[in-house]
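Please find the structures below.
Look for subunit A in each of the two complexes below; its partner is subunit B in the first and subunit C in the second.
Up next is the complex of A and B:
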């Protein structure tokens, strides 16, 4: 019993305390007024256990985001989900489960986590700065109780023995503190520095991401070969500006797609798989700047004025000329079709001719880059245009474009259209189809390629990268450095010799291996002082007691 | 760059991989024989590198520390040979190294056949992670004289490779444009190295849990149910530390891998983080392992609880590798199997 108590005392002794990085237990006796409760809540929030729980909550909260379709990633999948689960979907939507990563409860978790992080790390940082020249703690009274200890007797006087020990430890870059009967030394402060750097860098990372969300923007634009666009809200198909972005903040560049080419594997098991895409662009960074050229490829974005332009999709845009019932050309140009499968790039799209007379015309088309007859059905067996054909179903009536509701350019509203009585047949380039009832003709005049571009501006990017690198550096530092303490006590022995005791302590959690270093240091000390094994009662302590380096987990930093 | 896949080399790679699996299986058998036929307990030197809690136990009871031989100086116990001892253990280790050589050859040849780093699909990815796990096994065996993990690491390795060559197999081919970037060499390599380390960490942690359970039973006065095995394993503290060190090594590599992936995603897709399922699960994995590291520093969470957290992290890693590739479609679905 008394042994255990003595041990507890040893543990409470400052020497054993290495609790800078430990949970701070809340003293049970504090009376809690309002301030007390606040302080209590703050302590709870910034405790290690809370951080642990919040980390888990964060992990669990992310799971639905990968299982359910997400609005921000694939809106069409969300629509499909609505169709498949009409009863469940609205419920999930109410819980923000289709936009988990923008959900208030998700934000609540990570904001709490980062509040906890700030509350935990900033005070530690100040303490660290304040203690930059802090001296090592006092040596505990009984070094043999430390996880690592050794002893020997020497002919030197206690003062000489301590001085020689101090010199040796100082040479090894230990920070020293010497008093009459002991020397205490500490090393490895960089561990805490690394740990703090890591956590602070995480805070900086979150702030960088937030910065990007506020001041950045994302946009998309589909561009047919030969066309140009400029980076303005009206000429972008989709624009998601950050909260603090206005139209005038968009960089004033413009881009022209001169030519797009794709190469596909022509033989072997990967036939039809894409090999390379290349979009030849010309661009100017402003109306007055010179025109430059750029080969835009996947993994090879264009950067203008800090804005990045990426190639994210491509397809065919067949060109049509439509003559109406009065003999007037009412439509002449390319229409982007969307690929519905990749191995043959079979693509679908619609042509709308609202100006046609006497009635409006609409066509639903399929474009086949390499048309083949597969058992009576038409298909495409290769993504490159080796045998391009277009097949059209024709409609006449009211396209429903004037009722103010915006329409998708990829869909026909058939509610007030009727199908024309003409069987679709595949048209080759240059071929025409005459519509029945004198409604007009449509000619397949050729095709072009289109690309779709993602345009992003993210001012948080560079800070995020720097934070990431700092975090990694801090992590490695804190994992490589071990904080450790050495104590030496020297006292006159019974027979005129000096009894030297050496004790060592390290946080076990860092990579371990202090036993070896301790043994080497102890051996070196002993050799330097020409020591010999201690007399009988202490004989056992001569062995290096390789033991638990763990400090008790409930201790706190003293002083 | 007319990337013609070299079919002959690809076949040679398959043959080398089969050889590796065979050698590993034989190595597994030899490790098992070593356990079965070895008479003496695990040799002491293991405790020199990763000591057990002898000191604490002695201090707690107030008894004298175990008497040590009267050496000339308080020195480290004389390091025993790094190399394995005994016929079966030497055979097992030799077979493991030979298997590793065949495994490396398989990977290199496949890369040459395809004119690229051979980690473009799930078959290649599993092949590489298994290889990394064996590299870690060999390194840990020698560095910490921890030959006792051999059997337990080879079991999942052989199992994974067997599935890989039968079910997951994908013929050699070129990369889709989205993957065709030097970032694949950086990002995916980091992920593979970290995954291999995580495998060994998880295996060691399971061993720790078994040893810990055994020690609890003994402490409670119950008979040991795994005494035959335990005599060949170090105590739970040693296993726990070994697992921890592996994770300490793996975690920064994984962190780096995620960062490299983010940079690559930025080059390829125009955003560095988009919560794609694959990204989400590497994030979850990272957070759970960070939780593990925290648990190790939190009172009341060390030991078994932390070990379970680590295994959950490993589960997330595996789900990301297998589950996401097979069941969820995202930008990252490059498994190459349908």
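Up next is the complex of A and C:
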């Protein structure tokens, strides 16, 4: 009796230990001999807790990337930051805080997370493959000792009862192991599969994101209506190629902006808010491909050869004609101005005329789409061009462009320019302003609209999306599915009937839920076998034992 | 100071992992995207910053005769309205200069290019400009200022530059390509070229052997 009990306990212990192991990311080793610390370190690294901490750290480490200007996203903002914080900026630069996502410490977190996940997933996969091949364990002797148990008496022979139980559990997709006096069944292997799927998908996500960093690229281009550009370095404003991307890898498409239109709310509390943007593009996927048309809208990117072209900004480009002091037209075209506020799209920009004679000319301008007089000051009260005016401050001298140092087209280097003595007055389309000292004339000839495009190619995007979905599916699976075991024993009872005992054990999940399923299964089994309540428990226990020790004879009886 | 480095000739930063993590921490990426839409960074989208180079350092590459790519037979309309194609120059060494009147480094190298074009004409060297992202009035004014007498093809949309995609693509404005007598690309200079070094390269290509300091005087 005591020996049987001990064996029963052993079975339970094994089950409990299994359950614990299921949730441990790595088998717990207790030995700590030679290399024990190494093993301990590896175990710590591959533990679920470390992985979570690393994931959290990765998120935190990205924060400076959105708070501080980033070299890769907006290099001019970094320069501005240097000017504003001359003492702090070099320190931040040494900590790679202006290129967070390329920083060594960021890479360290990323790689550790990768290692942690890989170290967790691989051993588990092997264990899972092993456990998938294992048969369900032997049924414990005393099913009444299990957390869940039931019993009934049936007129069927023990063999028939077991066969019927096996059929039913098989129908419920339990994996079966049937012996003479018992049936053992296990179900819920998908839990571990889901768990593995989650981890592998997380790994795949990291890999696909790295893929984008190697083979993807990102670019920007400002395009005035009527202009076109090609997807090649010299035709782009900013280009950030992946590590393995060269100019020849850029998709050879060309895009022309035919027309841009924006609609704004004209009344109510949301007045001046944009309603729709529409950029009518024509494009060719290569020099020899036919011309196609596309209406580019916000969140409706144009896709050419897997490269996405997004509409990210828009603005006005007033057009000017500048005649120099010698009476020659030295400039005639649109200049993109940048909006400094959104409700009226008041925009600022500069016009540079480096080839004007006798001196170079520069203008700093404000464009007002819907000019209104607000208490003696000019402003714009609507973003659409209802009453376009441009106001210019004029400069003459040396623009500093001929010495080869690049400068922004949105800024005038005034160090060698002097302001011309002419008060800025708002010009309507067609109006001119004659500069003093015979420096020339500037005419506001009209305006166009411009759009700003973000061009992105990320080969890791689709794999990353799929990995994300797979990770979620795996997570759901591992939460929803429980690993559980059913045991059925049947033995001849004292009065010629068969005593059927049913036991249930839910592995790997302390939370309830299995009780209901177990009760259903037990009830169904009982109904199927037309069972009736069992005799007194004490007798039943004896009967089970008797039955277990006399299996062969009962089987013969059944035949 | 690294911040003030020449944007035109600066090697492109390699954003390896930065995009990686951006996608990983989706929330942060979204925040960045929102910040991007609110207006600030548009100031970067300037023709002057278009110069992106895949080559750091001096930016000069010279290709040996056996490993030269055939230049595409580009064609187009010159600033003064004539139709022109590169193969019209077959038999001459062609110096192809990608420029724009708005581009400060182009303005710096322009006097040297103009002089070289005149001085090397007798040696069978022809210059051809590719005017990028420019308007004809400004381009015309530029050519008058620097007394540029060689023609330039108008390439506002970059299609001519795109034609070099599979050979030796121009990586910045300015970029200068030297094409040998058989129509193959023999050298590329990214960024503002200096009179002396460009002259040396051109003569090397024209004579077929490295120029010596003394023997190459025109």
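The criterion applied here is as follows: the second predicted complex is superposed on the first by the 368 of 559 C-alpha atoms of A that agree within 3 Å, B and C clash if a C-alpha of one lies under 4 Å from a C-alpha of the other, contacts with A are read in each partner's own complex, and residues count from 1 in each chain.
The criterion applied here is as follows: a contact is a pair of C-beta atoms (placed from the backbone, for glycine too) under 8 Å apart; a residue touches a chain by one contact, two chains touch by 3 or more.
Note that this is a predicted model, so its numbers are computed, not measured.
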{"item": "First, second, both or neither for A:250, with subunit B first and subunit C second", "value": "second"}
{"item": "Which of subunit B and subunit C A:526 touches, first, second, both or neither", "value": "first"}
{"item": "Touching partner for A:300 - first (subunit B), second (subunit C), both, neither", "value": "first"}
{"item": "Which of subunit B and subunit C A:107 touches, first, second, both or neither", "value": "second"}
{"item": "Subunit B versus subunit C as contact partner of A:52, first or second or both or neither", "value": "first"}
{"item": "Partner chain in contact with A:308 - subunit B first, subunit C second, else both or neither", "value": "first"}
{"item": "First, second, both or neither for A:464, with subunit B first and subunit C second", "value": "both"}
{"item": "Which superposed partner A:84 touches (first subunit B, second subunit C, both, neither)", "value": "neither"}
{"item": "Partner chain in contact with A:62 - subunit B first, subunit C second, else both or neither", "value": "both"}
{"item": "Shared contact residues on subunit A - subunit B and subunit C", "value": "58-59, 62-63, 65-66, 70, 72-73, 100-101, 209, 218, 312, 454, 458, 461, 464"}
{"item": "Footprint of subunit B on subunit A - complex, ascending", "value": "3-4, 7, 21-23, 25, 48-49, 51-52, 55-56, 58-59, 62-63, 65-67, 70, 72-73, 100-101, 145, 147-148, 150, 152, 209, 218, 265, 268-270, 273-277, 297-301, 308, 310, 312, 454-456, 458, 461, 464-465, 468-469, 471-472, 475-476, 479, 508-509, 511-513, 515-516, 519-520, 522-523, 526-527, 533, 539-548, 550, 553-554"}
{"item": "Partner subunit A, residues of subunit C touching it in the complex", "value": "1, 3-4, 6-8, 12-25, 27-28, 31-32, 35-37, 39-54, 98, 101-105, 107-109, 132-133, 135, 137-138, 141-142, 144-145, 156-159, 161-166, 169-173, 175, 192"}
{"item": "Subunit A-touching residues of subunit B, taken from the complex the two chains share", "value": "3, 5, 47-56, 58-62, 64-68, 70, 73-76, 171, 173-174, 176-178, 180-181, 183, 241, 244-245, 248-249, 251-252, 255-256, 259, 262-264, 266-277, 280-281, 283-284, 287-288, 290-291, 294-302, 316, 324, 328, 330"}
{"item": "Of all residues in subunit A, those that touch subunit C in their complex", "value": "58-59, 61-63, 65-66, 70-79, 82, 99-102, 106-107, 110, 205-206, 209-210, 212-214, 216, 218, 220-222, 227-243, 246-248, 250, 252, 254, 256, 287, 312-313, 315, 328-333, 336, 338-339, 342, 352-356, 400-410, 452, 454, 458, 460-461, 464"}
